[in-house]
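Heads up, the next two complexes both have subunit A, just with different partners, subunit B and then subunit C.
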Partner chain A sequence: MNQAEVSQLISKLRIRISPRHKNLKCPEGPQGRLNKLRKTVNALFKYERLELNYTIADETRGYAERLISEAIRHGDTHKPTMEMADYWIEEKQLIHKLFKVLVPRFSDYKTSYTMLYRAPKAYPDIVYPRSVLELRGNPFPSILPQRIDQRNFIHNILLEEAKKAYRAEKYEQITKSLNEQDVVDK
Partner chain B sequence: MKGLLTFKRIKNHLTFNFNAFCNVLFGQMPPPALSFANPVETLKPSSQHLIDVQQLFKNSILWAVPKHRRTIEKRLGRKFGYITEFYKMLMPRTDLFTCNHCGHYYQRRHLCPNCYKRVKDETTEFQEVIEKELGLDPIEQEVVVLYKGEKTKKPEEFWKGKRIVELKREKPVWFCRNLLQRTTIGNSDCKDVKPSELA
Partner chain C sequence: MKCFTSCFYKKYTYTLSRRYVSTSKNVEPLSEIVAYQNNLFDNEQKKQKEAVGRIEKMIIKYHGVPENVTLSMNKGISTPYDCAKHISEMLVKRTGLALVDNTHLWDMHRPLESDCEITFMHAQHLPDPYHFNRAYWRSCSLILGAVISKAFKNDIQPTLHSFPSPNVKSGSFVYDVELSNLPEWTPTENELRILSANMVKLAQTSYRFDRLAVSEELALDIFQDNKFKKEQVPNIAQQSIDKKVILYRIGDHIDISKGPMIGNTDLLGRCTITAVHRLDTKYGHLYRFQGVSLPKGIMLNHFAYSLLEQRAKKLNAARLPDQVNNDMFVPRFSSEDSIA
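And then the complex of A and B:
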């Protein structure tokens, strides 16, 4: 078999890509669609957190992930990767960011490089679903609040210890009563 | 039939021409005026013969009308809508929850609007500051945004290899300060209530 392995050709992304593209409203046709996506991909690398309509955010996510993973795989000496970065990133100072900041940041990641959240809708307005797209490891305050039910909180530790002590006490009582029963039987 | 129609058309044409001719000769014709009518003529007794249904059907044109009664399912569907497609009645929403962090309502699988607004305001400010600071220079280091007085909390080596952007204000406390104030005053010897403290 002379067939090349697909995994060698394209890097496997850690996000789910739908088999069909999402329709974007684009009077300029396919080229206009690419221009639109190029703008958002560029903005994502620049601002690291964006609020967009859900469809365009989802489409942008795939392109951004692909670009980062290619950059991690091949590095900045690979000509096709560099051409790809040159095409997708309009502000050229961000190409430096991709290879010098994002590649070291994401090279050890086991998860996806971006996150997509659904933004709240203003009830009762009927609006297009909005979403928040961000690069992981950004310098901004985290979108999801810290979880309250942390195990290492002091009251949780104290409650656990109290539970253990209560259980030990109960077991002692049970063993005592069993011993007494044995004495009575004999 | 065809001949009759053409005759009518010619007649109309002639009368129209005659009127125009008169207008040219004598100026505008006088407007139509009221005239007396003979009341005896209008009270003529109508013909007394009965209406023949067969004849009626033969002579008249029938327009389309519903042939069958609509089924109850269809009528109910039109009235209330369909649950699977489009339901017209009001239904209780079951996808609203309260945020564990701030207590506001949020839609299931969406961000909490209150928490998100707080983060968003902060983020836009960060982004503006970073953009202003970096400008058009090639970005070669990670950017860290620090509030006032945060830099001294950690040693110098910690910030090595990072580009620091400092904000001019202190870190916002996302915690209600009122919670620290005591609501009751205990162990006071004085028993009379001062009205000024109530308000």
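And then the complex of A and C:
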């Protein structure tokens, strides 16, 4: 019974990984697929926000998440981690960015390290679904519009007050009917 | 073919004649008193413009969208509206109220007096459009007054009394009016609909709110045929610091209000006059006209709007015209309206 819970010991990514991989168009076979993904993983660490086809963005996301979580877990003195970073990151200066910039940035995060948004399609054209993949905490303006507080707009004030008035009226009716009942009971 | 052309021609001339038909029926000549009032107002406005004298420059700073700007404007002549015109059309269209140095609320058509920093407020002003909403509600009351004074037939003479201080939370804007020759009147649905339509029509003519501070004598002269306003004017002048009465004009309708008002009537979007209640006061029978409206750019589902209309039908609990000692008495004048 004193066994530690297994799920605590194994690191777990904070994104959902689908059990089956997504097919990419790769005439060069499995190696071509890896080359493609390496390119996008590298670009993600370089630019922090990319617009991609949905399939490749989704695949890339898993690799990028894994790389960051390994880097946070083991640090830059761990040989297998460094080898993995060396394989996935083609521009070698970005390895420094991973360990010196991204690890401190993400070490306190309780959420995933990347975000994947679906991007709009140009309607009449038949195109692959597009998406936007980004590292969290990037310096760009946020993709989703900032939610503004509309409570004080005139229509919301009017509706709020109408609601209060309606409730007051209902409560009054209820108390009145209760009083009448009391009178009947007596 | 010939027949066709002739038919076509006939139709064409018909539309033409309809199109260029005289609209004289719609344009009523100004009644004598309204013309007299406007004449006085115009003269005073002209006099005040000339009193500015030598033109001096002032520096106006604007910080915000679309860009930060520093303008050099004419002291005592340029208004926030002029500043907005220099910056962006978007500001001109949506702005209802200006905020000077983050303290004083300033009408869009009131000349600026010295170097200042300016902010433009609109219906979706962040973080809080409270001051715009108040100004909007007050302006709605004033427009309602203008509608009432024109809506009735000649034998029913509406005498405007006043409107209480604007309170958006009360659910309706209000104008208290005396209708001579109409002691017992409950308006039908259609009558209310006509009033609403008139109000929208008046608003869409896009009159600007002219602001003018005048002396007590002139105000008395302007409101000589209105027994209520004549009574209020000395009181108002006494309470104001510089002994002036502030008048507003939209089109040819002139009214007293402390302000500030919105810049133009076309900011009024959806609008309904919901109810007319009879009040028994010491001034006799007054009618309280009530309505609800939303500014342009605020969209609301028709069902939600109908809830607002139903609420606005109930008698507004604002100050009655004869409750003078109430704190909310409308002609409470300070030299500046500030948000502090």
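To be clear about the criterion, the second predicted complex is superposed on the first by the 138 of 186 C-alpha atoms of A that agree within 3 Å, B and C clash if a C-alpha of one lies under 4 Å from a C-alpha of the other, contacts with A are read in each partner's own complex, and residues count from 1 in each chain.
Here is the rule we go by: contacts are C-beta pairs under 8 Å (C-beta built on N, C-alpha and C of every residue); 3 or more make two chains touch, one makes a residue touch a chain.
Keep in mind that this is a model prediction, so the values were computed, not measured.
Put subunit B and subunit C next to each other and count what each touches on subunit A; the higher total goes to B.
In the superposition on chain A, A:H96 contacts subunit B only, with no contact to subunit C. Residue contacts after overlaying the shared chain place A:P145 against subunit B, while subunit C stays out of touching range.
In the superposed pair of complexes, A:L158 makes contact with subunit C only, with no contact to subunit B.
In the superposition on chain A, no contact is made by A:V127 with either subunit B or subunit C.
When both complexes are overlaid on chain A, the residue A:Y117 reaches subunit B alone and has no touch with subunit C.
Within subunit A, the residues touched by subunit B in the first complex and by subunit C in the second are 148.
Interface residues of subunit A, counted against subunit B in their complex, comprise 46-47, 49, 51, 93-94, 96-97, 100-101, 105, 117-122, 132, 139-146, 148. In the complex of the two chains, the subunit A residues touching subunit C come out as 148-150, 152-155, 157-159, 161-162, 165-166. Put simply, subunit B touches subunit A in their complex at residues 99-102, 106-107, 109-113, 115-116, 119-120, 122-123, 126-127, 130-131, 134, 136-145.
Listed in rising order, the residues of subunit C touching subunit A in the complex are 123-124, 126-130, 133, 136, 168-171, 292, 294-295, 298, 300, 304, 307-308, 310-311, 314.
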